[in-house]
Amino acid sequence: MGLMRFNYRSEIIGMTTDVTICYPTGMLTVLDRPPARPVEKGGVQLPAPPEKFKYVPGMKFQTVWFLHGGGDDDTTAYRFTSLERYAEENQVLLVTPSVRDSMYVNTEYGIRYMDYITDELPKVIRALFPASEKREDNFIMGFAMGGNGALAIGMIHPELYSGIVDLSGGIGLTLDREVYREQMTRNSMGRNRLVGCLKGADDFENTDHDLRYIAEKDLAEGKDVPPIFIGVGERDFVQPRVKKDYEHLKDLGFNVYYEEGKDLGHEWDFWDLYFKKSLSQWLPLKKKPIYPGEE
Amino acid sequence: MGLMRFNYRSEIIGMTTDVTICYPTGMLTVLDRPPARPVEKGGVQLPAPPEKFKYVPGMKFQTVWFLHGGGDDDTTAYRFTSLERYAEENQVLLVTPSVRDSMYVNTEYGIRYMDYITDELPKVIRALFPASEKREDNFIMGFAMGGNGALAIGMIHPELYSGIVDLSGGIGLTLDREVYREQMTRNSMGRNRLVGCLKGADDFENTDHDLRYIAEKDLAEGKDVPPIFIGVGERDFVQPRVKKDYEHLKDLGFNVYYEEGKDLGHEWDFWDLYFKKSLSQWLPLKKKPIYPGEE
Amino acid sequence: MGLMRFNYRSEIIGMTTDVTICYPTGMLTVLDRPPARPVEKGGVQLPAPPEKFKYVPGMKFQTVWFLHGGGDDDTTAYRFTSLERYAEENQVLLVTPSVRDSMYVNTEYGIRYMDYITDELPKVIRALFPASEKREDNFIMGFAMGGNGALAIGMIHPELYSGIVDLSGGIGLTLDREVYREQMTRNSMGRNRLVGCLKGADDFENTDHDLRYIAEKDLAEGKDVPPIFIGVGERDFVQPRVKKDYEHLKDLGFNVYYEEGKDLGHEWDFWDLYFKKSLSQWLPLKKKPIYPGEE
Amino acid sequence: MGLMRFNYRSEIIGMTTDVTICYPTGMLTVLDRPPARPVEKGGVQLPAPPEKFKYVPGMKFQTVWFLHGGGDDDTTAYRFTSLERYAEENQVLLVTPSVRDSMYVNTEYGIRYMDYITDELPKVIRALFPASEKREDNFIMGFAMGGNGALAIGMIHPELYSGIVDLSGGIGLTLDREVYREQMTRNSMGRNRLVGCLKGADDFENTDHDLRYIAEKDLAEGKDVPPIFIGVGERDFVQPRVKKDYEHLKDLGFNVYYEEGKDLGHEWDFWDLYFKKSLSQWLPLKKKPIYPGEE
């Protein structure tokens, strides 16, 4: 219940940019004891108020780096779903950068969005906001273009996160090289954008735009890739692609969970439902702030 | 899908104030013909895109004056529910003022919030934004404190609106004089606020803080009060009060509809569901813009 | 004194984008007669209040399309100067899009920012906000990267504007082909960005990235290019470039005015001063709203 | 150059409220070494870039609690002056609450705005943002109604701040009891607001609405009241009142500085100039962040 749009000049992007930051302040209190609340009102028994946590200097929050979809920006998901409410219920800080249609990679046209998210933004956020620096307190999650983004960032930087959520990811980096090639060559809606961002169909193999290569490297190097949660609407047009990513991951032996949203497509009703499920059930959140000395 | 927070100095309030304004831009287009969309993507049949409406100077939108609850401000409902999405689906402009905990009345401490909403704000909004001036295109709706607000404003100014939605209204103006007296005298949570805003238990009868008096006056004067839609959660602690308002209205012969949300209380899950229902089903919305010449 | 950040999905950009819109509401009134103000206060004679204009449906405002600089976005100038105040004093609506570091052109990487500003944005703004459609009521103005942007847009689309202000423009489109070539080839700060946006040193001549070509075409076709106002800080490192553009324009016979800010550089103090000068003195603004029937 | 509007539910106010927070991020860096900048550009010698400070978890900023004027809110001063720029130049965090027209007191109508600012807000801000908790790093400053607010809060809670700035304060709490009585009894513009907030002309003496009483109590108790800086426009209609406050303070022996702005009135041009002067010259700011271990 504390929402801000932080606007600052990013050094890696080289431009002023917006970051939406969502604090779970609705369950925090400055009071030593909450005020006595009436147990009934209008003759009706009231529910017990939720437990409150204290505001304390040096307190930290678990952080979900929440990635927006293609065509969207840092504000959209907060407006079109009840995301802020789910964050509050789970006492987690959400941070959503705005990456334009960059597929969350270090783009071919020169702007290094992946470095922005994994290097600059954590430094800025952890200096200016009470975001825990520990891997166990950090998670990456996204939907649509941000689903692929979360999967790719989480597998390229598994040392930074202890959970990955990919919802409806179907465009951008993938473990399926045929799908990658197809999206770079077919005359489809997003092709022009992809071409500017990603390495071409003939050049991407065994680079950091090739998630198959990344996955095998993670295994070869014994990297500790965190649990991966994948969700997609049963009727989503990207469902076949999302399922392929899941199958590749399972075949390679990663800790991966897959679920389809019954009767749902590539739509906000699916995302609203699965934003809640991801934060409330999938990710192993502490559901409380981290106080000094507890770390 | 166009959201703004308009900040200006109100003459009636006498202070700078915020108004959240929500445009249904996601279904508007500047294109003569939408771009040819692929009928399939990734081998999957795509749904037909929704019909788009043209941006035209002089176009107008139907307007829902959407009133926030106690303790909230103009931003809260947009953040904690999918309200913006429902507005877009129904091609309606939403306008939410910020009235502090004023019960939407001309307060005893001197700030005339009801006049602000029924006099100043329509003038400002209709001069600066494409909001239709016709009664048939204007509706008033609110939840919690804003539910009573919508009911009171709609009955005091029935000439301005062609539909009223009161969701979970249970605090503030009411047709039940016993309930009014009770809230002004019992030692309950909100009492101090109410006392500053509203006329006292001994003084309110037959004033504009007495909805029973207003209702009877509307009848006596043959005023055309628009249809009233009332909703409340079955388990909401204010359910008895809301139902009483409904029963008074029905007994007096008003056109009133009442519905309870099964298993739901005084909570965002109820409001999210009934914001959608109110805009999609209850209010007789045109679900399209109004173009010059059509008026 | 009415400020908003309008966030919507642009069709030409293909993404959600922000537009800062600034209304001169501080001089508008809903009152038939302003309240009697004390002529003195605390024993001191008060200045007469400024004249107020009425809020009227159908009223329009003159519009300055105000373009931000490189590395900046739609918010920066409003925060780092008193721009909003100067707009209010001159009763003009300001519209500032956010174009990233695109040089305000239809970029080589595919996003058509110039078309966005000259085609889509006027349609959207004039349908949703009371911006006059007449050429005589529209002006284009910018600083730094936005200075070149204003000059280029104004010369490519002289039919849209009746005044152009270029403050400290020194990067992007220019009438000096040597400067253009130099910025595309020298190893300078902004080169990588420019290379992605603009046509190369060998390809730009006689294209719409070549302002010399545009200027000569305007003359050959007898286009009515509006007055051009150019300002730059005496100590600005781009001063030589800005002056060259001025000299080319003068030599070609355009109606162009040039002024240097004494002792000032490429800095906010210069811009604050010249934003005020541009709106108060240079542009031929009506300094009042346009009412229905007056058009 | 980092600006946010933080919106959360205050416990003391009992409502959702906005707080504008301004970070000096423009002088911070995530880079170990700044990128080599060209020493010249376009043949012109460039100024050396300003020194940058590192983003470090646990870093803190000196904080100026910046109070808005009557009729204004938390956003106004940032929009109508270059305040954000001056904050950045002086590496200070600004925090501006929104207190409506409350005179910054614990109001007679029940909302305890002074407690909000001196008790709740520091707890919330210091838990959620890197604001130093030390008295030596905290300052209170305001203009117009906020000038009196800063003076009153600083004198009632001298243990919290190491500097007070009162610009153009002329309404609300004052050391001059005649002025207080006059503003509570004369039929002047703001009287109705004052009457609701403040104790009456017959009741205020020797209460916390009586700054004369507070001042004498501070002296009697040997409180360490920090330096007080007072500024007012020479032609401001409140100049006589402001000067009286200065004279009372000087006569009582407080450390107080007074300055008049030549030819300036109760206007933004005065405030813009004196916001800069207050932050750059008057307040003893460190002009750099505070790093862990330096405290």
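Just so it is clear, A, B, C and D label the chains in written order, and each chain counts residues from 1 on its own.
Assume a residue touches a chain if its C-beta (ideal position, glycine included) is under 8 Å from a C-beta of that chain, and two chains touch if they have at least 3 such contacts.
What you are looking at is a predicted structure, and each value in this text was computed from that prediction instead of being measured.
Under the touch definition stated at the top, chain B and chain C share these contacting partners: A, D.
A comparison of the A-C and C-D interfaces places the larger number of contacting C-beta pairs at C-D. If each chain is reduced to the centroid of its CA atoms, chain C and chain D end up 34 Å from each other. If each chain is reduced to the centroid of its CA atoms, chain A and chain D end up 38 Å from each other.
Chain centres here are Cα averages; for chain A and chain C they lie 37 Å apart.
The set of chain B residues that touch two or more partner chains comprises 3, 7, 9, 16, 75.
The touch graph of these protein chains is complete, with an edge between every pair of chains. Contact residues on chain B toward chain C in their complex (touch as defined above): 1-9, 11-12, 16, 21, 23, 25-26, 28-31, 55-59, 119-120, 123-124, 126-130, 133.
The part of chain C that touches chain D in the complex is made up of residues 3, 37-38, 40-47, 75, 78-82, 84-85, 170, 179, 182, 188-189, 237-241, 265, 268, 272. Across the interface of their complex, chain D is touched by residues 7, 9, 14-18, 71-73, 75-76, 100-101, 109-110, 192-193, 196 of chain B.
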